[in-house]
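Quick one: the structure is below, and I'll ask about it shortly.
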Amino acid sequence: MNSFGSIFRVSLFGESHGSSVGVTCDNVPPGISLQEEDFEKDINRRKSGRKGTTPRIESDIPIILSGVCDGVTTGAPVTVIFNNENTRSKDYSMFRDMPRPGHSDFTADLKYNGFNDIRGGGMFSARLTVALVAAGVIAKKICLPAVYTANIVHIGGNENIEEELDNVLADHDSVGGLVSCIGKNVPAGLGEPFFKKFEAQLAGIIFSLPAVKAFEIGSGVKASQMRGSEHNDCFISADGKTETNNSGGTLGGITSGNIIDFRVTFKPTPSISRPQNTYSFNKKTRDNLVIEGRHDACLTLRTPAIVEACAAIVTADLLLYNTIYNYRGKHNDSQ
Amino acid sequence: MNSFGSIFRVSLFGESHGSSVGVTCDNVPPGISLQEEDFEKDINRRKSGRKGTTPRIESDIPIILSGVCDGVTTGAPVTVIFNNENTRSKDYSMFRDMPRPGHSDFTADLKYNGFNDIRGGGMFSARLTVALVAAGVIAKKICLPAVYTANIVHIGGNENIEEELDNVLADHDSVGGLVSCIGKNVPAGLGEPFFKKFEAQLAGIIFSLPAVKAFEIGSGVKASQMRGSEHNDCFISADGKTETNNSGGTLGGITSGNIIDFRVTFKPTPSISRPQNTYSFNKKTRDNLVIEGRHDACLTLRTPAIVEACAAIVTADLLLYNTIYNYRGKHNDSQ
Amino acid sequence: MNSFGSIFRVSLFGESHGSSVGVTCDNVPPGISLQEEDFEKDINRRKSGRKGTTPRIESDIPIILSGVCDGVTTGAPVTVIFNNENTRSKDYSMFRDMPRPGHSDFTADLKYNGFNDIRGGGMFSARLTVALVAAGVIAKKICLPAVYTANIVHIGGNENIEEELDNVLADHDSVGGLVSCIGKNVPAGLGEPFFKKFEAQLAGIIFSLPAVKAFEIGSGVKASQMRGSEHNDCFISADGKTETNNSGGTLGGITSGNIIDFRVTFKPTPSISRPQNTYSFNKKTRDNLVIEGRHDACLTLRTPAIVEACAAIVTADLLLYNTIYNYRGKHNDSQ
Amino acid sequence: MNSFGSIFRVSLFGESHGSSVGVTCDNVPPGISLQEEDFEKDINRRKSGRKGTTPRIESDIPIILSGVCDGVTTGAPVTVIFNNENTRSKDYSMFRDMPRPGHSDFTADLKYNGFNDIRGGGMFSARLTVALVAAGVIAKKICLPAVYTANIVHIGGNENIEEELDNVLADHDSVGGLVSCIGKNVPAGLGEPFFKKFEAQLAGIIFSLPAVKAFEIGSGVKASQMRGSEHNDCFISADGKTETNNSGGTLGGITSGNIIDFRVTFKPTPSISRPQNTYSFNKKTRDNLVIEGRHDACLTLRTPAIVEACAAIVTADLLLYNTIYNYRGKHNDSQ
């Protein structure tokens, strides 16, 4: 059930070294302009090639298979695929013997009884986030005028990103990072009580991304050290705006019209060039594992477009869900 | 769609001051012993009455409406309700004029066009977690031998809980807290790639709880400051055990057989006895709001049983989901 | 997953001889007047007591547990239960030895490994349709001004119902029947392409009812013998009205604004007073089974209110679903 | 939400004259051999080209985009697409003026506010059933040793199909038909009480097909004229086999291990060569419509492979669903 969302539903498919990765978006409202070039900006923001990212560079050309006619959405499911081109036929089967620490090799092999596509992590690869970003581009159109902007706060605790990358690369190591995301013009009223709270949906999709270790909204981890008198956001005007924003933009799990404010912690890329002393299932003892090939020294660098996509997908879904409250049959007449 | 889970599905209903709150659990396997007294222990752990919790005490007697025959589950949906008894008929309509800071009053009124049950927060009340704990009791039986144990790490940053409560009560204030949860014997292989990762499901249900501001797994927020060489958990044995547990028990979103380790940050109870200067929608200006009545000074105190319930629900759902991988038709013979 | 519907979602629970049967309806729009007495008319139409129906008479008093405040829906899930009162403690365990022909005894025992509640058919009992009718009452309010009317066409092929009942009762037998349902004022545009076609949803819920053997829409089984030139419904006016109605009110699975017209075939009640020569699992040979107790000679008599409930539930669900097409964000401005 | 199924979930996308049509199958168990040539047989059975079918012939070459590695399923979603090749750029916009009787032109235009892809019926085209057949091929592998076989009973009431086709073609008309489907070796125990009854799922997916007007199981429409003593299927052996099969293979909505036996009525193809006097929305009066182009004189001819696919999809879904009843944690030890 590789899907997210109740109305604006996003379903991913594909593997890192298979023929392509793709996404189907259900319930895209008809009449939205959508063309291949619309994806370019966000796809490029996610792309590798910069310092600290993998030299595996994909052309990442979106191909719209369905749901668009004459450059406009039709109301039918929109499927977009990206062909995988820059794959290498190196042998990944060694990772069934020595599963890479911090990777899905061990758990995927076990879960799928050895039938999983282990090449490049298969279905577990961050490669699938290119399709998620594509869904995000569509979601962003639905969300307007709500707009999300994600930025890197720091990597490795250092706010000088260039400097930190130089250090990490010199050490043949990798490093984690923190991303902040702000949502403006998100209308009040989005989210459902209990299981579909705005932040519950957001946390759910964010933790679907590879390498996420923490999600915070508003005051976040600091809330545990705060008093109520300090944490409460007092209302200041008739549109529900508050003096402070410890809530991060929701009350009772429903957006309040204040700024959405959340943060995501990414772990360091598990693939590092240094040898790692881990377990060999064949030899039945520990051994040194050396991972060759291409990888990001800091995957956080590529995540802002992905985090924005997640927020836009949640918002589009709940916006469409909310239209049911506009429903007025004749029932009022009968009362 | 007040439901969580794909197979072991939990659906909540009820309001704080309505006649009852309840839960329906779908796909409870037949043959599990289940009686009203099984709920007692966890329900009591959630109960108020201790220092720092509300003097509203509910008898919280579970009534099994369906799905159990002669003390054993039948395979049919299990519905359990708790009647609300200790409700007070005080006027909550003032909170449509002056919505309480940090509460759902403003957003719920707006979302439901004023038709929401505002008494005690209605559907948004933490009262519903009594039904969630009941679902957790059932889930815990399904999960065995996996067992979750949640504990309060600190409240207000102070690990001396009694002392901190005395301070907070003396100040007529409330305080946040941090809860840690450990899962032992959780089998490897739980979780699905991308949107149903173990931690994605866990984060989703945890953020469904009222007052949650952060969720961390394994290294959590510290991961952003770590190097890969430090963060990677090297395997030490053929069962997938690792030397360290920065992952918190999952790899690629799938449980690895290591200990599940996550933390939840709760904000301070928004209801405080002190006057708060907030907005009056009737007067169209700011005014002092005084909240009378009964509330928890530290809602965190009541959450460990709730957090465990969430973890057990996710685990039960993914355990049942995983049975599909046991499916072996005759397809292998035909190849 | 005892649920039906994507937006207006109906979830049933309870057993024939358990404490109660009930239903939870999700996404009931807020602001609809709803009181216990609203259920009376349809509940009574489903009731037994007339000639040809079982002498087990339940008081069938609806109890609203949630989702209604001051006689108006709040937007929260609406749960309604009916306590079972007129149950008899007779021994049903004999039906594990000799499962009744035409009943669920054999399949339920096998499926649930003997843990199913076999008393009165448990979860498989037509008793659950009282809860479905309650959901239908709510759905009917949402659907207005669309109105469904179901009627018995014949029982046992005889359009003189009283006469046929007399014959059947004299024979200590039971009899099947045909019910027709007409929907007026159903707006055009309901239904989704492929899997959520209007008639696909309708057929799905109708076959969820016990004892259904056929579902036909419009021309129904006669369509197989017709020519296209005869079957096609030509349009006659700008609102899409057609000269004939072989389609039964949908085109491409989407309502056209014409009258919805479908028929349901019910089998004869499987419980009959005559001895039946069937298999004894204990004796490992065939034996005569005599079913004592109370049953309907013609269950069809009680179905019109149930069939209407099904149609209203489908319509309410698709009406609410359709509100997403009303969604207009700012995306048009940005094009 | 263009999906069917709870576990083995089938999601369709694509339009008749778009770039391709496709299907994503979720939860295909890992380890099943799957190659492009496996689709050939059923795809060919659905193909046009024979007498009475459209001269639009598609090469229908399946392209597996995901979920298969080295000819074996991996456990990841399986996506298969078919590129559309034999499309004609003729002007379909005339059907917004004069919607074809019996087609989706009118309802789709209305529902999607004119943004639907009207070329060849777009998403509503029977073209999508090629993707459904592909899903059926996968489902059939999961279902083994259960096997479904569908056959045409008659077209236009005539069991001499060749003769009837000659008549119809001579008349420049089209004709309906009846298809029967038999399922052997379907294990007992499939189906869930109430909303996921075996026949409810089956009827739901069958009515998702274009042109279906009736669905009958077992005794079908004849049940309304039968007595209970005649309709009941008495058990004859310890494996639940029955003397007769009026039930059509289910009891209480759960398969009994007897033969699955159902029938589907298809209407005549609505596109006919004869002029039809219908409504012109531009002229605001009735006018003669002449439909040019390629179409099936009897679409029933192409449906047996599609009907089998539907049955196999339902069966695969419920087989996988049923694995949850195999779940045995340690809960029994704790009782």
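For clarity, chains are labelled A, B, C and D in written order, and residue numbers in each chain start from 1.
The working rule: a contact is a pair of C-beta atoms (placed from the backbone, for glycine too) under 8 Å apart; a residue touches a chain by one contact, two chains touch by 3 or more.
Note that the structure is a prediction, hence the values are computed from the model and not measured.
S.K.: Starting from the Cα centroid of subunit C, hunt down the chain whose centroid lies farthest away.
M.R.: A
S.K.: Does C-D or A-D have the larger number of C-beta pairs in contact?
M.R.: C-D
S.K.: Measuring centre to centre with CA averages, how many angstrom lie between subunit A and subunit D?
M.R.: Spacing between the chain centres: roughly 36 Å.
S.K.: With centres defined as the mean C-alpha position, give me the subunit A-subunit C separation in Å.
M.R.: From the centre of subunit A to the centre of subunit C is 42 Å.
S.K.: Determine the centre-to-centre distance between subunit C and subunit D, using the mean Cα coordinates as centres, and give it in whole Å.
M.R.: About 24 Å, centre to centre.
S.K.: Which residue numbers or ranges of subunit A touch two or more of the other chains?
M.R.: Where subunit A meets two or more other chains at a single residue, that happens at 1-3, 6, 12, 27, 30-31, 75-76, 111-113, 123, 193, 325.
S.K.: Okay, in this complex, where on subunit B does subunit D touch?
M.R.: Against subunit D, the touching part of subunit B is residues 6-7, 27, 29-33, 75-76, 141-145, 193, 319-320, 323-335.
S.K.: List the residues on subunit C that touch subunit D in their complex, please.
M.R.: Subunit C reaches subunit D through residues 1-4, 6, 12, 99, 101-108, 110-113, 121, 123-124, 128, 154-157, 168, 171, 173-178, 188-189, 191-197, 199-208, 210, 212-221, 223-238, 240, 242, 246-248, 250-256, 265-272, 274, 276-279, 281, 284, 286, 300, 322, 325.
S.K.: Given the complex with subunit A, which residues does subunit D contribute to the contact?
M.R.: 1-3, 9, 11-15, 18-22, 24, 26-27, 30-31, 63-67, 69, 72-79, 81, 111-113, 115-117, 119, 122-123
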